[in-house]
Amino acid sequence: MSSSPITLEELSKHATKESCWIVVHGKTYDVTDFLDEHPGGSKIILRYAGKDATEAYSEVHPPNIVTEHLTPAQQLGPITLPASTSSSSLAAAPAPPAELSPEQLDRLVLLSRRPPIDNILSLHDFEAVATEMLSRSAYAYYASAADDEITMRENHLAYARVFFRPRILIDVSTVDFSTTILGQPSSLPIYITATALGKLGHPDGELNLTRGAGKHGVIQMIPTLASCSFDEMIDAALEGQTQFLQLYVNKDREKTKSIVQHAEKRGIKGLFITVDAPQLGRREKDMRQKFDDTTDGSAVQTKGGDKVEKNQGAARAISSFIDPGLSWKDLDFFKSITNMPIVLKGVQCWEDAVLAAEAGVAGVVLSNHGGRQLDGSRSGLEVLVEVVRELKARKLFPNPKFEIYIDGGVRRATDVIKAVALGATAVGIGRPFIYAYSSYGQEGVEHACQILKDEFTMNMRLIGARTIKEIVPAMVDASALSHHSASVPSDRLFEANYASLEPTRLRAKL
Amino acid sequence: MSSSPITLEELSKHATKESCWIVVHGKTYDVTDFLDEHPGGSKIILRYAGKDATEAYSEVHPPNIVTEHLTPAQQLGPITLPASTSSSSLAAAPAPPAELSPEQLDRLVLLSRRPPIDNILSLHDFEAVATEMLSRSAYAYYASAADDEITMRENHLAYARVFFRPRILIDVSTVDFSTTILGQPSSLPIYITATALGKLGHPDGELNLTRGAGKHGVIQMIPTLASCSFDEMIDAALEGQTQFLQLYVNKDREKTKSIVQHAEKRGIKGLFITVDAPQLGRREKDMRQKFDDTTDGSAVQTKGGDKVEKNQGAARAISSFIDPGLSWKDLDFFKSITNMPIVLKGVQCWEDAVLAAEAGVAGVVLSNHGGRQLDGSRSGLEVLVEVVRELKARKLFPNPKFEIYIDGGVRRATDVIKAVALGATAVGIGRPFIYAYSSYGQEGVEHACQILKDEFTMNMRLIGARTIKEIVPAMVDASALSHHSASVPSDRLFEANYASLEPTRLRAKL
Amino acid sequence: MSSSPITLEELSKHATKESCWIVVHGKTYDVTDFLDEHPGGSKIILRYAGKDATEAYSEVHPPNIVTEHLTPAQQLGPITLPASTSSSSLAAAPAPPAELSPEQLDRLVLLSRRPPIDNILSLHDFEAVATEMLSRSAYAYYASAADDEITMRENHLAYARVFFRPRILIDVSTVDFSTTILGQPSSLPIYITATALGKLGHPDGELNLTRGAGKHGVIQMIPTLASCSFDEMIDAALEGQTQFLQLYVNKDREKTKSIVQHAEKRGIKGLFITVDAPQLGRREKDMRQKFDDTTDGSAVQTKGGDKVEKNQGAARAISSFIDPGLSWKDLDFFKSITNMPIVLKGVQCWEDAVLAAEAGVAGVVLSNHGGRQLDGSRSGLEVLVEVVRELKARKLFPNPKFEIYIDGGVRRATDVIKAVALGATAVGIGRPFIYAYSSYGQEGVEHACQILKDEFTMNMRLIGARTIKEIVPAMVDASALSHHSASVPSDRLFEANYASLEPTRLRAKL
Amino acid sequence: MSSSPITLEELSKHATKESCWIVVHGKTYDVTDFLDEHPGGSKIILRYAGKDATEAYSEVHPPNIVTEHLTPAQQLGPITLPASTSSSSLAAAPAPPAELSPEQLDRLVLLSRRPPIDNILSLHDFEAVATEMLSRSAYAYYASAADDEITMRENHLAYARVFFRPRILIDVSTVDFSTTILGQPSSLPIYITATALGKLGHPDGELNLTRGAGKHGVIQMIPTLASCSFDEMIDAALEGQTQFLQLYVNKDREKTKSIVQHAEKRGIKGLFITVDAPQLGRREKDMRQKFDDTTDGSAVQTKGGDKVEKNQGAARAISSFIDPGLSWKDLDFFKSITNMPIVLKGVQCWEDAVLAAEAGVAGVVLSNHGGRQLDGSRSGLEVLVEVVRELKARKLFPNPKFEIYIDGGVRRATDVIKAVALGATAVGIGRPFIYAYSSYGQEGVEHACQILKDEFTMNMRLIGARTIKEIVPAMVDASALSHHSASVPSDRLFEANYASLEPTRLRAKL
């Protein structure tokens, strides 16, 4: 590692694709060879070529990831600033209040306009507030889903096709909705599922989840692509607080092994291997937002040549992070490197659930990745019914050593209760918690947990179940769940393009 | 009971949570210890701390309830007014016309703008007028339902999935739609079901229902949470007019016993025990309205500490009024204290209907509480079909000693005819009657009854049924009733939050 | 009959309910006793009390009906006008162009704004033009249907649930869509069904239909409640042109007998007895329009007393025109008075179709009266499938002596072809022809027939049928026809009243 | 052929129906007798009577077609221009930039406003841009479909009723979506299907497709009604590029024979005979647009007499181009004149697919002509399921000598994958490619192919299929495909005409 100081003048000379240096947290890095490897594409880096990239970097990356991906030779020396520099972005200390940037001022105004948190009556409300609080690009990243976003909406709408059959005249003076997940106690049959790039929504990123979940006895699943570092999230946890790890498997199995074993050492209680993302999905709402960003006066205009490079770059970048070659035979490898229970996240049909149960893993998450991968996938809730039916037919369910989770589309305790009635041990909730902390930070996460608890108390009483075990299949009517004829979410792009027929009319007055 | 007079000055010193006095109907009460017991929460009381609360109190409470819930020691003396007081709210006599409050003036203007009552063609029209007549908070209270209000809308939409199979060439010169309910004559197979807080809509509250129902030979079900007193509603009835009683069961069974036995003594002909409300539902339209009220310049701003207290308070308050421990074994108790026929109100699946029939009660109301309790419940109409099928399979139906009622979502005589065809003895109608008297007082209730009678005459002729008994199952096609794939009401909060995909467009002109 | 002339002064003295005279076509009538018998209610007559009612009368009545319903004593003498009268409404000759009324001027302007008739591409287009051409009250009368108008819309939407299974590689150089209806030749498998009050749409009223149908070899069904007289419509027919008669059966069977026998004598080829209207339906769009008319400055304001009278009056009036006691045993009477084939119009379930076939009538019209009677009735198309299935099971179909027709909701030749494929001999079309002549007079009726013929040529070729007989059941997929879960038309009044849930939002800027 | 030059003065004298001359590409033609033969009707020609029609002609016709349809005597001499002519439309050379027509300027402005092509994220985006780029008449021609356009929309919406059942943990490092169609290699299981009048969208017309398809290894089906000539499209192809031919069969089989044999000689690899268009469909969006054109100040106003002539003319014109007498027995003729594999395009039920397989043709296209022929037809995707089921039951599928294609409504690779899973060899895509080149010329076609390839790579990985053969029926849930109850596209004309019921309201303030 070359550690001789770099001057601003020197830095500014390396501002092209051919030689691209950037500054992060006061140190200079030569990222020329990394440009095509970057999962987010080279364009976003090139915008900071020859400049300080700390702010943009921090929004989406843990502090140490830059050094993990660069060789010592690519890690240049610290940047030296002239005494009289006026570049606020290079200054270590935050700018004084009098010099708040327009973005910071906007944020302060938005914060002041938030409704008091007890006006937030449901998880829907967090989303409504977050929609206005988030930057356009953050909103586009979080809210987007694959292709026509039909599966994302179907995830939610599927719940509305399941109706309750509540029981009466049961003494529900006390109800208890605590349970266990992979043997770990949980105050609710839910967990906070893994989602990426948490700092886009709030400067503390995923730490909001760690802290809020800890206070409420809820389990957090730590994501591979978090913008806080893994250890930060472990360190922020309370004594005895349960955390799981979501894993994207790297082509380089040694890297994966080191991540997994480090996690086990730090006390992670379950390993959720993502199996529905051999390639990261096309999310057009997000992509369109990025085009809008770059075409607004950006100098790094895409040309014919760039297009090819970009495609190659994306493919190459993905191949170096997520292994599309992951297959059933890899399970032995994972069993050999860890004693954590292993769960497959992203199962979408009963055949694979049966394979998983037979392979001896501890569970499956019936998930379509929040609708962000394969548009046209069925909701986890619908898959749950077929998986339970087929596992039962093979005497593989119920089975204390094999749990079923689902995620996607949950907004109400009643949604969770429906899933539990149909056989799920717990339900993962993702976006609603992001929207909660994007709006109100850690307090938002806590309030979200409290809303769910209040709804649980109420609705377990109303269906006549005193414990999670008393939530049984006969309490729901799921007969319409797999009827796709009507519930198909509308195709918004198709509709926007359709020029409706109009009848002829009288002519305008002469 | 301390009866020494209280001065305005003294009163105004007790205006905090720590010491809270209010005036109702000229008497002073110390409600400090009652704050957390109040079913409506402490905040609404605190708004009147140290002041006269008579007007707000009267809108939602019977006159005597304040003394029932307070110990003698908490009932302080009469308020004494200085001779020159100008506080109109404390004056016993109504203000002279020249000093009408803005609210009263607004009401007078609205009254003058109502369409003539014979422009009201259907129950829908009453609702449209009431929407404009009611105060925002009254509307929010009446119109709201649980969570996403899916069940409330499904209640109505379910009727549209049942189609008629009318018969022709039957001499329908005269049609007769009178029937009996629990052995009591009724001019129509409907009854006015119990709804709370009637004075929010009209100063005479539920008395409008008593009087209008009496004129038309329709049975009124008196609610536990009426804002008129039970005896007022009995006294307002005509000689021989049938009334039922809806009952929330108190943890203190002695209080319940005294209510039931008093009711029987006063001539009540049926006891409808609510079994779908171990806890009162979350109705967000109503809750949001309350936040709007309190956050508009209210000094009693919610703080972190308040939040917990509020939750505890609500729970405690409910536990002192409605017993979540009510269970099947309590039925013996009710049989032991009254000879009135007992009906369970709020049954939602055939299993409980069978239990009820076997337990020897006189009937069940298949009801989801107007969609105000468990969102995701099925409509009464849909449950009716399964209940009749399973009772028949067990030789429990038809049975002159066990009647089935449904309520929720009715707007037309054709709705009632559908329910009767499918096996219901009668149908409860709630909100439409509230909207009728909120718009036109007692005359509205009468006109609503007349509309139903006109529609009944017409539609019984058109289906070819001369009597209620001739309305048979073959006259309807209910095959689509339990198909939830399409009929699912839309999720409005979800939709409001969804940012629709938009295709790319040409750029604006340069 | 008193025939002494009546002066304007005398006339004007009889302008109350107690003594009500009107002038029609220059003659004076005392209609005091008739007020309560009038099917349209007394109010509309009272508006012309003591005045000339000719214009309003002519819009909805045949010329001679006034004398049929009044005793000779009620028929007073001719009106005498003062030489200098300026009352244009009493003048026999039309006003000179310079004195066109505002209504006439409006009509002329509208006529000039119509699109050229060859811009009318489908029956939908006539409706769009007619909507703008018709007076508000005429539109309300024609377009309205019962209650929530669900059946009216379902009539049309049902067609969209039937899909085609066309055949290919059939020589369709020539296609022939002529057929016979009750043994009478028809150029198309359609007929113009009976609709009332034709002059509301055009001064020539139903004569437009007679003339246009004659030119195109289409059969017209003459309505009982036409605004042209029966004989006018017979006289306007071409040599050999087929006409049917729709019959409302009068309580006074002698009156009915005389109508039927007169019709047979004048060459009517089929008698369609309406069996779905023991009482005329409530059509709120029409009723609301009438309230708008009367409450805009009308002096005949409804009072409490009036309301009762109106209800009684309507009941009495109907009982004197249409017999709600009509029943199966009356069929012998009809067979005894005529040799015309008898068809029952308004059958709505297979049970009645079987009864009809067994009773030996010549056919049935599966109809719900264009949705104007019992809202919640199924479409004729849906009923057709069940009727054909059950008749076949009883060897009653196919049967050359028993034909099945349907009506309601047709807008396209493809709709007709679907009905024919499912077993209908012909399809009645009503409103589209009204809209056609309301927009373009007789030319509109002809153009409507031509559009249907063009569509028939095209679509028979496209499904691979060269003759009506080649349109077979296998050419359609009607499996979704009876699925009401999704196709339920929305309830517009319910929707208009529903206050949609809204999520909380950021507060407005300070 | 008379080749003596014609003066402008002489030309202008032949500007009526009785004598109609036009100029195309500098030569004069007497088209008087051709007026009624013209498939597009006589009106459009009459607009150019006595004038130069080159520009309008070129948009929709290949260069040589004018001479093919006219006798030598009708082909007059070249037009001679006066030296000082300022008529730019008659000038051979393009007008200098300074004299751009308003239309040309508009087009230049639109071109400059297009988003950069890499902003086009999906085929939907091309359509959105094309909607704004195309002239109104070109858009109306391309976008229109038959009658109420229900089938056109159903074609697309049917895909949304099929859901995926993806498999996990399969090594998808490399995926290969190449296949063969009629034995010819194709880089994707799609082909560009035949569509008419390509120059309406872009001056190079169908050549954009030839060139773009060639670059991407995609097969183009050349249409009979192209606006480029057949040989131009052959000549524009790359060495070894596969092209198919779509054929409308002429009544004059010799003409058809010469077209087919010329095609085979030029290397066409498959003959797709259109069997769903014995008559070209009524497309009202297109027709309405034409009326708008002609009624805007056109002198050739339609009169009563014209109407009949127009109908006759259309019928005659069609009979001279497309033979409605084409039938199964003609297949022997086609087999006798060519060795190209023969495919029937437009099969819509299993019965005809079985007949086709038994007749020994090489395949069928399950197609409804993009919804442009028989409205109410089912989608190709839905027909596919029934065809595969019935062919299998008869041991006719799978069969290497009989392939099944479908077309209509495709917008995504996932759509294609669904069709392939259900048994299709390939899917034809039409309008999206038109919209692609109308927006961006050949580059648009290439980008459309690239989008499909990117989507294919992604989505095959996500369902777990490495090759086309691995896309199996178990990977989709098509159980809702034939449920028409909910998916019925709305009837826009019906809706536009429906006057929604409105409840009564308070009257306006006084």
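Residue numbering begins at 1 within each chain, and the chains themselves are lettered A, B, C and D in the order written.
Here, contacts are C-beta pairs under 8 Å (C-beta built on N, C-alpha and C of every residue); 3 or more make two chains touch, one makes a residue touch a chain.
It should be emphasised that the depicted structure is a prediction, and the values quoted were computed from it without experimental measurement.
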**Prompt:** Counting shared numbers against all numbers at the contact of chain B and chain C, is it over half, same, or under half, different?
**Reply:** different
**Prompt:** Comparing centres built from CA atoms, which chain ends up most distant from chain C?
**Reply:** A
**Request:** Using just the Cα atoms, superpose chain A onto chain B and tell me the rotation angle to the nearest 5°.
**Result:** 90
**Message:** Need the CA-centroid distance for the pair chain A / chain D, whole Å please.
**Reply:** 43
**Request:** Mind pulling the residue numbers of chain D that touch at least two other chains?
**Result:** 115, 119, 121, 124-125, 127-128, 148, 284, 288, 483-487, 493, 496-497, 503-504
**Item:** chain D residues touching chain A - in the complex, by the definition given at the top
**Value:** 115-116, 118-119, 121-122, 124-125, 127-128, 131, 139, 143, 148-149, 153, 156-157, 160-173, 284-285, 288, 411-412, 414, 418, 454-455, 457-459, 461-463, 474, 477, 479-480, 483-487, 492-493, 496-497
**Request:** Using the touch rule from the top, collect the residues of chain B that touch chain A in their complex.
**Result:** 147-148, 150, 275-276, 278-279, 281-282, 284, 287-288, 291, 295, 301-302, 307, 311, 319, 323-328, 330, 344, 346-349, 351-352, 355, 373-378, 482-489, 491, 493-494, 496-504
